[in-house]
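In the two complexes that follow, chain A is the common piece, with chain B as its partner first and chain C second.
Coming up: the complex of A and B.
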């Protein structure tokens, strides 16, 4: 088999043993890699109904089909487990050298079972698996851990995916970091922490055989050339943080815990300001000719030297959403998250919930007592210094940080139960996951895409805001087209997340980002890698199958129609300023759009999947378990 | 026959503001641009005038033809609606704010 090794590595943390599972070629054709293959491995290996922190919830890593090949932006892998945030599928992607090393080590995927008795660093050295004691790594940050492992192994080519102190402390939204990139969402770091798994390190020395190297090189060369041109200059020059002003001008920039969509301090936390005053270097993932990550630094003041990569989602969550208009605080906050290994989006949004709860006088200063502040401190919007204290308390689960480390859903439920309040109304979450930085009150299609997302509301899994913002539809109104739009957007994204390819490449095939512009070239890339003969409709099926296996997983975990929801605020609490003022997505509108979406998917009105739909996708065993 | 001369005064012109955001702002080194247009001029003329004043935008934000925006760049009208391709020959309204957005996703 070309492009793959045909092998999945299983590792048992409890018994300290490993074994190899061979998969047939047909399995690879269906699930390809990335989030689809990782979710399929969850389907096969997770005990239904288990707790996310139980031994029965394995870590499933699935490599990309193009990792280690010349295909640009193909150096990515998928990571999946049952999410401690949502109780449903938790799937994330990360890029760079770890994926390439794993491919060179000869593994298409890794499934890590059970719980270790001691903290462990798994070392996959080609065919050999070593369980290394990780005690000396405890307390180290994510980047620091990677470096320490290289030193311990005396090999600077070893690549590691690690957790930091947040993962060790099981902050529910802790993440997994490799090569400065994160599998950021849904709490993988907490799952690793629950298993006492500090890091997975890989040394790979094998080659990767592809079916038609000449064609693959030629295609890759052409795409690389395009990827260094104007189609990607916006990513290269400013990165995604340019969206701060874009969203602000459209009235969609989450501000002060999503209470408004226009931030008066947006200029000072914009990508443009960051570029001029804080950016120090532009970083690229391995195998990427675009280079979008703006490494940014605090250059003076109490946080001088704090440095990390800044992306829009982290920036909105820890800037405008906290009412903070000083990038020194924002960079510091994101660096606390990145170095300690937690999702900066969920962290920022949880802090904004706490700020609003404080300003509504439900929390008081006393709630924020900690070692450095025995009398506590106030937590108002705009107070960057206090926000940094809280971020560090979350990382360490100190004082109220332990509650906030659980995310907005559990934190609000706990406080409401204790104090008889209704803080859940401003807890910005759906399915337990905090949403993206596009306010869905002014983006009706994205509201639908966010509500039906299998991992919760997510801009990466559903780019339904595209049709809203580009004017394909009236973004303030609901109509009968929205189900199809949300389905198309989700399945389109799922193709990229399954290969996986970074979506920033999507205009570099033909100049057009739609299916017709991308699928023929993507098909050629897959066929040149594997020797298969996939057609246009087969590429469509990759996306459809990826969404379906994730939904099937959720159904098996007890998903019901009412789980496809939105934060209360988006449905009941209109903004008062800017172009999107006055709008909400009402419950009636949402239910109508969900009907349209389920119909477009061919699912039942209750959102369940008919058996024939699953059989058509070649998922007979799934049909047997959850098909209706 | 007596010739009637019509003088176009400032009162007859419409005022349009183009706001730059993201890539266009960095490349233009400007936050915005005020334009005076005659009522029969269109969005295509707006693009042409912007391209003329800020040639660094051509090839990145504005198509090399100088009569269309580069793919994934849009004019948002007052932050509410989008000037679609089929509307590019329409005339802007007096006082319109056109936000030149380079759309991108992710982060």
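Coming up: the complex of A and C.
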């Protein structure tokens, strides 16, 4: 078998042992890699109904089919566990060296079971597995931990996926970091923390062989050169932060906890301003010829020297969404999140919930007592200094930071129970996950895509905003086409997330990003790597199977139709300013669109999956368990 | 950092342009071994911290320390190109050349037990494949003289015009 090793590595943290599972070629053809394979492994290895922090929730790492080859942007892996944020599938992707090292070490996937008695750093040294004591690494940040492990092992080719202090403290939205990139969302860092798993390190020394290297080299060379042209200029020059001004213009830039969609300080936190005043260097994931990561630094003032990669989602959440128009605070906030290993989106949106709760006088200064402020401090929108204090309290679970480290759903439920309030109405979450930086009140198709998302509302798993923004449909109205659009967008994204290829390459195959523009080349890349003969419709099936296994996982965990919801504010509380003012997605509209989506998927009205649908996708064993 | 004393050309990397993508390593190992494996690449990307990234290959030093260090006289420098050749019948994998190289540009192949370093793809008409592939044109062929000229020009531009243009 080319492109794969045919082997999954299982590691038991409790018993400190490991074993190898052989997988047949047919299994790889179905689940490919990335989020689809990681979710499938989660399906096979989890005890259904378990708590996300229990020993029965496995950590599933699935490599990419192209990792370690010259296929541009193919150096990625998928990570899946049951999410402590949502209670459903938590599937994330990260790029760069870690995936490549794992591929060279000879593993397609790794499943980590149970809970360790002591803090542990797993070292996968080709086919050897070592359980290293991680005590000396505790308290270290994500970047620091990686460096420390390289020094301990005397090899700078060792690549590690790590958690920082936030993961150790089980901040519910802590994440996993490797090579400066994050498997960012749904709380993997907290799951690792619950297992006392500080890091997984890999040294892979073997070469990777593919079925048809000449074809693969030619295709890769052309895509690499194409990726230096206009199709990626948005990402190469300003990075995704260029969205700040675009979203503001459309009235969709979440401002002050999503209360408005236009921000008066947008110019000052724009990608353009960031580039001019804070840019240090643009860097890439390993195996990526685009380079979108805008390394940005605070150059003066109290946070001088704070540096991290800035992209749109983290920027909106910690800038406009907090009413902050000074990038020095925004960079500092994101750097606290990145270095301590937590999801800067969920962190920013949890802080914005706390700010609104403070401004509505439910929280008072006293609620923010901490060691450095024994009398507490006020937390108004726009107060960057206080926001940084809160971020550090969340990281350390200090004072109210412990509550805020649980995310908006649990924090609001706890406060409402305690104080008889209704803060849940401005807790921006669906399925327990905080949403993306595209206000769905002015994007009806994206509202549907966000509500049905298997990992919660996500711009990466559903790009349904494309048809809204490009004017394919009227973004303020609902009609009978939206179910198909949401389905298409989700399954299209799932193909990229399963290979995985970074979506920023999507226009570099032929200039057109749609299926007809991308699938033929993607098919050639897969076939040259594996020696298979996948056709256009097989690429489609990769996407629908990925969405289906994630949905099947959720159904087995107790998902029901009412879980496909939206934050209350998006359904009841219209914005007052800008081009998207006055709109919400009503309950009636949402339920109508959900009907359309389930129908387009071939699912029942209740959103369950018919047996024949699963059998058609070659998922007979799944049909036995959850098919109707 | 030690500087090359070479009069010969070599593959160099502009750290301001290098994004750390490692494609040079894949292309090199593929060209030389038919496999993708950074460990078998004769050019190595180095990421010292989040933004300090570059790539290093043989600098073709004049009177090369690796050649002088070899106890078996297995290393030989081409007097025309400065490229170091390894005599496979003499090299016994003692790795003294690896230690002697100030640039860390030599590695031992665990399979063949031979020292390996960049030969600028001298057998290929189109020259070094890493230079051909580099998406950001960070890799280039140069000599120390050319480097010095470029540095002087950039310095003047920076001091007089106040802008750093190239690199």
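Convention: the second predicted complex is superposed on the first by the 628 of 628 C-alpha atoms of A that agree within 3 Å, B and C clash if a C-alpha of one lies under 4 Å from a C-alpha of the other, contacts with A are read in each partner's own complex, and residues count from 1 in each chain.
In the analysis below, contacts are C-beta pairs under 8 Å (C-beta built on N, C-alpha and C of every residue); 3 or more make two chains touch, one makes a residue touch a chain.
Everything numeric here is computed off the predicted structure, so don't read it as measured data.
Chemist: Quick one: on chain A, after the overlay, do chain B and chain C clash, or do they fit? Just give me the call.
Modeler: These partners fit in the superposed model.
Chemist: Between chain B (first) and chain C (second), which, if any, makes contact with A:69: first, second, both or neither?
Modeler: The second partner, chain C, only.
Chemist: Applying the document's definition of touch, where does A:137 land relative to chain B and chain C: first, second, both, or neither?
Modeler: neither
Chemist: Should A:285 be classified as contacting the first partner (chain B), the second (chain C), both, or neither?
Modeler: In the superposition, A:285 contacts chain C only.
Chemist: Students often get this wrong, so check: with C-alpha centres, what angle lies at chain A between chain B and chain C, to the nearest 10 degrees?
Modeler: Seen from the centre of chain A, the opening angle is 80 degrees.
Chemist: Which partner does A:275 contact after superposing on A: first (chain B), second (chain C), both, neither?
Modeler: Only chain B; A:275 stays clear of chain C.
Chemist: Taking the superposition as given, does A:241 touch the first partner, chain B, the second, chain C, both, or neither?
Modeler: The first partner, chain B, only.
Chemist: Please work out whether A:206 is in contact with chain B alone, chain C alone, both, or neither, and reply first, second, both or neither.
Modeler: After superposition on chain A, A:206 lies in contact with chain C alone.
Chemist: After the superposition on A, what does A:307 contact: first (chain B), second (chain C), both or neither?
Modeler: Touch partner of A:307: chain C, not chain B.
Chemist: On the combined arrangement from the superposition, state the nearest Cα-Cα distance between chain B and chain C in Å.
Modeler: 17
Chemist: Enumerate the contact residues on chain A facing chain B in the complex.
Modeler: Residues 230-231, 233-235, 237-238, 240-243, 245-246, 249-251, 271-272, 275, 311-315, 437, 459-460, 463, 465-466, 469-471, 474, 476, 503-504, 507, 511-513, 578-579 of chain A touch chain B in their complex.
Chemist: Within the complex, which stretch of chain A touches chain C?
Modeler: 68-70, 72, 97, 100, 104, 143, 156-157, 180, 205-210, 213, 217, 221, 224-225, 227-228, 280-291, 295, 307, 309
Chemist: Give the list of chain C residues in touch with chain A in this complex.
Modeler: 16, 19-23, 26-27, 29-30, 33-40, 46, 50-51, 53, 110, 133, 135-136
Chemist: In their complex, what parts of chain B are in touch with chain A?
Modeler: Result: residues 19, 21-23, 25-26, 59-60, 70-72, 74, 76, 78-84, 99, 101-107 of chain B touch chain A.
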